[in-house]
Amino acid sequence: MSIDKRVPSLEDAVRGIADGAVVAISGFGEAGNPTELVHALIEQGAKDLTVVNNNAGTGRMGLAKLLAAGRVRKVICSFPRSAKSVVFQELYKDGKIELEVVPQGTLAERLRAGGAGIGGFYTPTAAGTPLAEGKETRIIDGRDHVLEFPIRADVALIKADKADPFGNLTYRKAARNFAPAMAMAATLTIVQAREVVGLGDIDPEHVVTPSIFVDRIVEVSQPISEAAALLQQVSR
Amino acid sequence: MTAPLNRDQMAWRVAQDIPGGSYVNLGIGMPEMVSNHLPEDRQIIFHCENGILGMGPVAAMGEEDFDLVTAGKKPVTAIAGAAFFDSADSFAMIRGGHLDIAVLGAFQVSAGGDLANWSTGLAGSTPAVGGAMDLAQGARAVFVITEHTTKDGAPKIIPECSYPLTAAGVVTSVFTDLAVIDIGKNGPVVREMVAGLSFDDLQARTGATLTLSPTCKVLKAPALKATQRHPI
Amino acid sequence: MTAPLNRDQMAWRVAQDIPGGSYVNLGIGMPEMVSNHLPEDRQIIFHCENGILGMGPVAAMGEEDFDLVTAGKKPVTAIAGAAFFDSADSFAMIRGGHLDIAVLGAFQVSAGGDLANWSTGLAGSTPAVGGAMDLAQGARAVFVITEHTTKDGAPKIIPECSYPLTAAGVVTSVFTDLAVIDIGKNGPVVREMVAGLSFDDLQARTGATLTLSPTCKVLKAPALKATQRHPI
Amino acid sequence: MSIDKRVPSLEDAVRGIADGAVVAISGFGEAGNPTELVHALIEQGAKDLTVVNNNAGTGRMGLAKLLAAGRVRKVICSFPRSAKSVVFQELYKDGKIELEVVPQGTLAERLRAGGAGIGGFYTPTAAGTPLAEGKETRIIDGRDHVLEFPIRADVALIKADKADPFGNLTYRKAARNFAPAMAMAATLTIVQAREVVGLGDIDPEHVVTPSIFVDRIVEVSQPISEAAALLQQVSR
């Protein structure tokens, strides 16, 4: 029996995600969003979710659509405010969604810590600011540090460029962003890959996310580009 | 007569203070304009916190690759010798003190170099910080580029920030439309002022107490027209 | 008559308990022999803490690549679907709970699953821990492979370890030349024993108080000859 | 003026390393050792060094030779004991060298923390063992954790496979090991690369150590293989 983490459909990919799950979703703005997996999650129906993402959805697709469907109880992110984050901002102003704002580097590091078995870490980021309120602090080498705890996710939804059947992944350019840390931090890591290639077709030197962090792979060869869709709107 | 710099001239002025060979992060907004005004003989490597080292010019219209965008989500290019990496590694660079300079915008800068640039603290606004706190805290030098006063004429360089802090005691220098001001141990020191402005005039538009550097020069910039921006 | 397993048979027995699809780290020494005895129908991915996932068989003589070595510094190969990474990422895998099983040697195992396998605590010996503590603490399951007693006949499964600990309460199962013993909530439970050995005989060679599983079976292994080892 | 971190010789590469410096040296056993840089450091003459390495030198070359030359005051490592670590063990038994033993994962993580600006972190590794003695502990999620502090180095000596003039690096197979974390953790990172290639010849997706962590590059096209030398001894 050889290892093969491919599943035949998006429906199979998101099977079993529970109500109340913490779901980490890759992407930065519109680059690296696993839009098709998020849409499949909407179909699947899980609710009362906590979503971890750098942003809080833009436009009307992907995460914004998940928010609009009322499935998300809380968002943990660094930057929920942009001209295009209309869905989130409406929900937030109406008090219909919780928000935890985390500095972007602390967000990435907390996810990595969750994946790497670190119980907590001290960082100077946010020391002396409102985002450190209520947090334990400590002076190290004469500098104020804030104690931050790891983020672990029940599920990660990740967009990759190439995947092999074991689950080794590569990404494209700045679409890599939070995906590697989220893949590490989640109990169940689900990947949509633009191309599933054969074992050995990814040079072991070029693997970005090693297979040990990946559980399910579904090929989505022509993913929606949320950014291109937005550009069309702007150009119109 | 006072001749304040326009935005491109301010960006140009910042660019002159970036040594060749530096690794630099440009914040979203006016800081991004700095890359358009670098002296030709200097090579600078631009870092973008979403995972790019060696960021090149903004992508030409029709040649966008939406997997290659800036922190402000604008389509961009990469130079030969670029590297891509993930967010954790990217912020390891920032937080580990590897960036020579971060150029950031500001709502307020205090006399002691505190920076407030992420939140006006107004009730009802959605809080959003992005990488601002990491950049302000992590870079070896923090250059602030900002108009000297708000649109209402209120000073932005003040004794203590009234807005929520981004980071305490981190600002190295402030580049405004009127002056270049270094944050020294004993507060802000005016290094350059535009022609036609007296020190007292400048002080009158500044909340914090300024010191005039004995080597203070005239702040000059070439005539520059506005940079074109990508529509997205 | 008691028929203890030889070292290859012990390694074979461990291999039978590794489910297909597992990610496994094999410690230096006897644990490394486990990879020679996997059932043909199971694919296991071996992790090596110096930065390899998908470690293959030991390199053939004359075909060594000294950039591709095991944690024990032996030249090895990589399978299709392997990945290389740095030490920090490698230990993130280990410490983050991503390894299904670590197979480790032991000086002592306590009734509560404490493991001592890095130091005899003798004065004058050079302390050296390598990745032992990380593996013992981080893997989801820790399989210990060890002779049931020391060469002097002293028990290795004992109430409390007298040697310095590697990690507390981490051992899942112990595979010896005499028995397979699971560390349960109430201490060691004998799952298999070699033929010709009574439970009282086994208890007599064990320091900790054993429980006999009601489903205890005979520990059997095929006749196996010794594995050849690379000379370096 | 375009950026070019190449230096013409090994002598130039190690110039200015001070007495008393903390020097991180890449390599695991014999894979990834910057043997030529270490030999150049011996020539250069710096003494009273603290060396960070996974091991403590094997055979008579490289780090073992630096130890034998009496230049090292202290070694921070995970595994100084092997049949081939004869030089270190003699020095240690004679009380001529200090030793700090750190679990291998904690060593890698402390170096990464040093490079990533983390003030300290909690790990379960070593909790309840002699290696946690005297260290602060904390129970997080019901589990004992040890507080570990970062390691920063004054200098890192690194062996890479390819380098470009900016200092982007790739490695070969398991020779990567501690080099990326050490490159991050050092103030001055000095690289010996098997091949210096042109700008753009390393795909930005395949860069392992980005140029920001690298200060000096020297090409050593046919590095000594300590392992091959040892194998020849064994085969004899």
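By letter and in written order, the chains are A, B, C and D; residue numbering begins at 1 in each of them.
Assume contacts are C-beta pairs under 8 Å (C-beta built on N, C-alpha and C of every residue); 3 or more make two chains touch, one makes a residue touch a chain.
Model, not experiment: these values are computed from the prediction.
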Both-way neighbours, i.e. chains that touch chain D and touch chain C: A
Given chain B and chain D, the chains that contact each of them: A
Euclidean distance of C-alpha centroids - chain A vs chain C, Å: 36
Distance between chain centroids, defined by C-alpha means - chain B, chain C (Å): 56
Approximate Å spacing (C-alpha centroids) for the pair chain A, chain B: 29
Inter-chain centre distance, chain A versus chain D - centres from mean C-alpha coordinates, in Å: 33
Per-residue multi-chain contacts in chain C, two or more chains: 78, 84-85, 91, 94-95, 138
Two or more partner chains touched - positions in chain A: 109, 112, 116-118, 123-124, 171-173, 204-205, 208
Pairs of chains found to touch, sorted by chain label: A-B, A-C, A-D, B-D, C-D
Residue ranges of chain C touching chain A (in the complex, touch as defined): 20-21, 23, 41-43, 45, 47, 53-54, 78, 80-85, 89, 91-99, 138
Interface residues, chain D side, partner chain B - complex: 1-3, 112, 114-118, 164-166, 168, 184, 199-200, 204-205, 207, 210-213
For the chain D and chain A complex, residues of the former touching the latter: 109, 113, 116-124, 138, 140-141, 143, 145, 149, 170-173, 204-206, 208
Chain D contact footprint on chain C (complex, rising order): 48-52, 64-69, 73, 75, 78, 84-88, 90-91, 94-95, 119, 121, 124-134, 137-138, 164-168, 231-232
Touch list for chain A against partner chain B, complex: 28-32, 54, 78-82, 88-89, 92-93, 99, 101-109, 111-112, 123-131, 144, 171-181, 208, 225, 227-228, 230-231, 234-235
